[in-house]
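Here come two complexes built around subunit A, the first alongside subunit B, the second alongside subunit C.
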Partner chain A sequence: MKRYDLIVVGAGPAGLSAAIEAARCGMRVAVFDENAKPGGQLFKQIHKFFGSKEHQAKIRGYKIGETLLAEAAEAGVEVFLNATVAGIYLDKELLVQRGEVMEHFKADTIIIATGAAENMVTFEGWTLPGVIGAGAAQTMMNLYGIKPGQKVLMLGSGNVGLVVSFQLMQAGCEVVALVDAAPRVGGYGVHAAKIARCGVPFYLAHTITKAEGSNCVTGVEIAQVDDDFAPIPGTEKHFDVDTICLAVGLSPMSQLLKMAGCNMVDDPRRGGQVPQVDENGETSIPGLFAAGDVSGIEEASSAMIQGRMSGLAAAAYLGFLSEQDKDNRLADLEIALDSLHQGMFAPGSKGKTIAKTDEGIAVSQSLLKKGYLDDADLERFINRSDQTDKKSGIHPVIECTQNIPCNPCQDACTRGCIKVGKTITALPRIDAANSCTGCGMCIASCSGQAIFLVDEDYAPGYASITLPYEFLPRPQKGELGIALSRSGRPLGYAEIIDVRSAKAYDQTTLVTIKVPVEQAMTARFYQPETNAAGQ
Partner chain B sequence: MTRISEHPILGETEKGRRVTFFMDGKTIEGYAGEPIAVALKAAGVMVHRYTQKAHEPRGIFCAIGRCTDCVMIVDGVPNIRTCITPLVEGMKIQTQDGVSGLEVSE
Partner chain C sequence: MKSINDRSQDIGPFVSQTDDAIIICRCEEITKGEIRQAIHDGMFTVNEIRRYLRAGMGLCQGQTCGKLVKNLIARELNVIPDQLDPATSRSPMRPVEMKVLGNEEVAHV
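Entry: the complex of A and B
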C-alpha cells in the first residue's frame, strides 16, 4: 500500500493550495481528482476575479488555475487524475478508483477539498434534453468550445447564474431571460448590470412552470410566484428556447467526511451538511481537514486561503512546521480571509435584507429587481458632489454600489483618482483632486465591468464614453452602431471613435463611443447594428 | 453553428484530429479526444437515451460524469457516460433504449 504524509482529495483551488503549502514544508503529498483535468471549478471561470491583490483579484479564473498547477509541480506535489476517492476508513486509509482498478492508499494526514455539487429543482418537463445545469453550460462552452444552445433561459440570479449568463452571451448564445423565484437578485449587482445592459430582462419573483417539447426543449413557460413561492395563475409567460439552464445553488460534497466519521452539522449559511471544523479546517478527527466549498460554499479566493491554512496546519500536525512558524503564517492568512468575509455578501449576511451600504447610502432597489441602477440611484451614488469630477475633460464614472470585497480599481489607477481604502468592501470613491489621463487601466482591471470613462466635452454637443467590451466581433473604429442604456434599451446611433486593446487589459477591449451629450450618463453599452437588426 | 469558432476571451478552441464515427448507423464527424457528447451536440443530437420504464428521452445534463443522463451504447457496451468518454475514430454509438440499443430503421 502506497503511503504519503498528506493525501488531498480534490484538485480544485482549495486542494491544490493545500498541497502546495504542505509540500513546501517538506511533506510528501499526493492529490487525487476524479476529473481528467485538474483545477476544479477554476478552468471554467473565464472572468476576472474579485478580491484584492493578495487574493489574485482581476486575474481570470483559468489563469489562476494555471499558476496553481505550475506551483504544485514545482513543489513536487503528485497529482493523480481520473482517480475517484471512493472511501475513507479508520487510520486514514483511502480507497481510490482509477479506471477499473481499486487501490488502497495510506496517509498520515488527509485534506478533503471535494468542492460542491449543483442543486436541482423540478418542474414539469425538467428531465427533457435541453434542461442543463449551469456547470454543464460552462463545461461545454469554456472547456470544449461548444454552445450549450442557441436561445437560453437562465434560472437563478446568484453569482453563478449571472456569470454563466454573461459567459453564454460571450460564447454567442442568446439569453432570453433571467428568472429567479426570490424577489431580489442574489448575486453581485455589478454582475447583474453587465447582463442587463445587454438587454437581458430580469424576472424576479418568477419561476419555471414547465419546459415544453416532446423529445427535447422547444420552449419554456414561467409564472410569477406569491410570497409562498406558489405560481400565480394568469401570470404565465412563454419563451421560445432550446435550452433551460439551472443555477439554483450549490451543496457541499461532504459525503467522504461523513463516511470518515467526522462530526457533521447542518448549516444553511454554509450551504447544507458540513463538517464541524476549527479555524484551520481541522475536523473532529485529528489530522483530517476540510477546505474550500466542501466545508461551506464560498469563493475560489477564500477556498485558496482555507486550503493554504489547512496545508500548514497539517504540516504542523506532523512536525514539518514548528508551532510558532505555523502561528505566524496562519495569522497573515486569517487577516486575508477575514477581509473577504466583510460586506453585504459576507457568509454572516446570508438571508438578511440590507437597506443601506456601510457608507449609509440606501441601496439600489432597481439593481436588485431589474439588474440596473435607475435615475434616483445615480443621484445617490454617482452624482454626489464628492463623486463627480467637475473639471472638464475625461473622468471615470464608477457604478459599483454594493459593499463587495474588491479593490483592483484602486491599484489600477497610478494617478490616485480611485480610492477604496483599507477595508476592501468599501465603495470605491473618485478623488477629483487628481486628474485622469484616460489610460483606461481602471476599466480593464474592474472585475465587475463597472467603470466607464466619460468626457462631456468631447466635441460640441457630443460626449465620448469608454466602456469595457468582451464580445466578438470586436467593433472597428469608424463603425456606426447603437448605444444602449443600462437596461439595454436602444438610445440611438453611436459612432466608434476608438478601440483599444493591450496586453495589460487582458482580453478586455476598451471601446470609445461618441454619443449626443445628453446621453453621457445614460449610454452604457454598444451594439453593432447587424445584431440590432437581428433582434 | 454550435461550435464556437472564436471566443472573445479564450481565442480559438484547441481541437484534435477530425475523425468520423457512427451514430445509429449514420456517419458523423467530430474531433478525436473530445467527449463523445460534445461531438454529438455539434451534430445536433439531443437525445442520448430513453428511460426503461417510462420511455422518456434524456440528454446531457451535468456534463461532468455525475448524473448518468447521457449514457449510450458505445462499441456495444451500454451505460457509457458520453460526456466524459473521449471520442475515438470509428466508434459506434447507439441511442440507448432502457439498457439495450434503440431499434433504428436504416
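Entry: the complex of A and C
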C-alpha cells in the first residue's frame, strides 16, 4: 500500500489549489481524478472570470487551469489520472480503480474535492436523446469540439444556463429560447444581456411541458406557470429544436464523505447533502477535509480559495506549518473569500428580492424579466450625471447595473476613467474628469462584455460604437451588416469601420460600427448580414 | 424524522396521475407511477425504494434520479425533502466490472 502525507480526491480548481498549498509546505501529495484530463470544470470554461485580480478576474477559465497544473507540477504534486476513488475506509484508506486494477492507498490527511453533478427535471419525453445537461453540452463543445445540436432550447437562467447559451451560439448553434420557471433571471444581468442582444427571447415563469419526438427530440413545448409552478393550460408554445439543455442546478457529489462517516447535513442553500465543516473545510473526522462544490455549490473562484485554505489546514494538522503561520495565511484567504461572498448574488441573498442597488438605484426589472435594460433603466443607470459629464469624443458606456464582485474594468483603464473603488461589488462609475483614449482595454477586460465605447461625433449625423465580439469568423473592416438593439432587434445597416484584436485583448475582438447618431445609445451588437436571415 | 418512521400513518390511497408513465430512473427504467405505488406499499425511504424497485441501482448509481426519487417520497408523505435521508453511500462509488473489482493489488510496495 502506497502512503502519502495528503491525498486529494478530484483535480478540479479546489483539489489542485489544495494540493499546491500543501506540497509547498513540504508535504508528499497525490491527487486522484477519474477523468483523463485534470482541471475539473475549468477546462470547459472558455469565458473570462469575474472577481478581482487576486481571484484571477478577466482570465479565461481554461487558462487558470493551465496555471494551476503548472504550479502543481512545480510543487511536486503527483497527479494520477483515470484514477477513480471507489471507496474510503477507516483510518484514511482509499480504494482506487486504475485501469483494470483496484489499488489501495493510505494518507495521513485527505481532502475531498469531488465537485458536483447536474440536476435533472422530468417532463414528458425527458429521456429522449437530445435532452442533455448544460454541463454536458459544455463538455461536448469545449473539451471534444462537438456541436451538441443545431437548434437548442435552454431551461434555466442561472449563470450556468446563461454562460452555456452564449457558448452554444459561439459554437454555431441557434438558441431559440431561454426558459425558467422562476419569475426572474437567476444569473448575472451582464450574462443575460450578452445573449439577449443576440436575439434570444427570454421566457420567465415558463417551464417545459414536453419534449416532442419518437426516437429523438424534434421539438419542445413550453407553457407559462402559475404561482405554484403549475403550467397554465392554453399558454403552450412550440419550438422546433433538436436539443434541449437543462441547467437546473448542481448537487454536491458528497458520497465519499458520507461513506467515510462524516456528519452530513441537508442544506438546500448549499445544493443538497453536504458535510458539516469548519471554516477551513475540516469535517467531523479530524484530518479529513472537504473543499469546493462538494461542500456547497459556489464557483471556481471560491473553490480555489477554499482549496488553498484546506491545504494549509491539512499542512498545519500534520505539523508542516506552524499554527501561527497558518492563521496569518488563512486570514488573507478569508478576506479574499469574503469579498466574493458580497453583493446581490451573495450566498446570503439567495431567494431574496432585491429592489435597489447598494447605491440606492432601483434595479432593472426589464433585465430580470427579458435580459436587457430598457429606456427607463438607461435614464437611471447610464445617464446619471456622474456618467455623462463627458466632453465630446469617444467615451466608455458601462452597462453593468448589479452589485457583483467584479472590478477588472477599473484596473484596465490606466487613464483612470473607470472607478469601482475599494468595495468590489460597487457599480463601476465613469470619471469624466479623465479623458478616454479609446484604447479598448476596458472592453476586453470586462468579463460581462458590458462596456462599449461610443463616439457621437464620429462624423456628421453618425456615431461610432465599439463593442466586444467573441464570434468567428471575425468581421472585416468595410463589411456591411446589421446593428442590433439590446433586445436583438435589427435597427438597420451598420458599417464596420474598425476591427481590432491584440494579445492583450485575450481573444476578444473589438468591432467598431458606424451607425446613425440616433442609434448611439441603442445599437449594442452587430450581426453579419449572411446570418441575418437565419437568426 | 419521527413522522417518516411512523409506518402506521395514513398517507391516503394511491391515486393515479396523468404523468405516472414518466420514467424517473433511466438506468433501471422505473416510472413515477411505480415509485409512487411503492411508497403507498410502505416504502418510506430512498433506501427502501432502492431495494424494492432497483431505482438508483443502475449504471449511474442514482446520480440522476436520487434527488427525483427523494422529492417524490417527500411529496407523497407530505414532508420537505431535506427531512429524508439520501441513499446509503457504499463502495464502489462508480460501477465497476467484477473482473476489475476482483483484481485487487493488495501487496503494492
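Rule of thumb we're sticking to: the second predicted complex is superposed on the first by the 533 of 535 C-alpha atoms of A that agree within 3 Å, B and C clash if a C-alpha of one lies under 4 Å from a C-alpha of the other, contacts with A are read in each partner's own complex, and residues count from 1 in each chain.
Convention: a residue touches a chain if its C-beta (ideal position, glycine included) is under 8 Å from a C-beta of that chain, and two chains touch if they have at least 3 such contacts.
Nothing here was measured: the structure is a model prediction, and the numbers come from that model.
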Inquiry  = Once chain A of both complexes is superposed, is A:A117 in touch with subunit B (first), subunit C (second), both, or neither?
reply    = both
A:T127 in the overlay: touching subunit B, subunit C, both, or neither? Say first, second, both or neither.
both
*asked:* Contact-wise, after the overlay, does A:M1 reach subunit B, subunit C, both or neither (first, second, both, neither)?
replied: second
Inquiry  = Just checking: does A:V85 make contact with subunit B only, subunit C only, both, or neither of them? Give me first, second, both or neither.
reply    = second
### Query
Once the shared chain is lined up, is A:E21 touching subunit B (first), subunit C (second), both, or neither of them?
neither
Given the touch rule stated above, what does A:E479 touch, subunit B (first), subunit C (second), both, or neither? neither
Is A:Q507 touching the first partner subunit B, the second partner subunit C, both, or neither of them? first
Checklist entry - Once the shared chain is lined up, is A:M259 touching subunit B (first), subunit C (second), both, or neither of them? => result second
Quick one: is A:E399 in contact with subunit B, with subunit C, with both, or with neither? Answer first, second, both or neither. neither
In subunit A, both subunit B and subunit C touch residues 34, 117, 127
Per the touch rule, the subunit C residues reaching subunit A in their complex are 19, 22-24, 26, 32, 63-68, 81-83, 86, 88-94, 96, 99-101, 103-106, 108-109
Residue positions on subunit A within touch of subunit C in the complex are 1-2, 34, 84-89, 95, 97, 100-104, 117, 119-120, 122-124, 126-127, 251, 253, 255-256, 258-259, 266-268, 272-273
Subunit B contacts subunit A in the complex at 1-4, 6-10, 13, 15, 34-35, 38, 41-42, 46-48, 56-66, 69, 83-84
Subunit A contacts subunit B in the complex at 34-36, 46, 60, 117-118, 127-133, 135-136, 139-142, 144-147, 150, 170-172, 215-216, 470-472, 474, 507
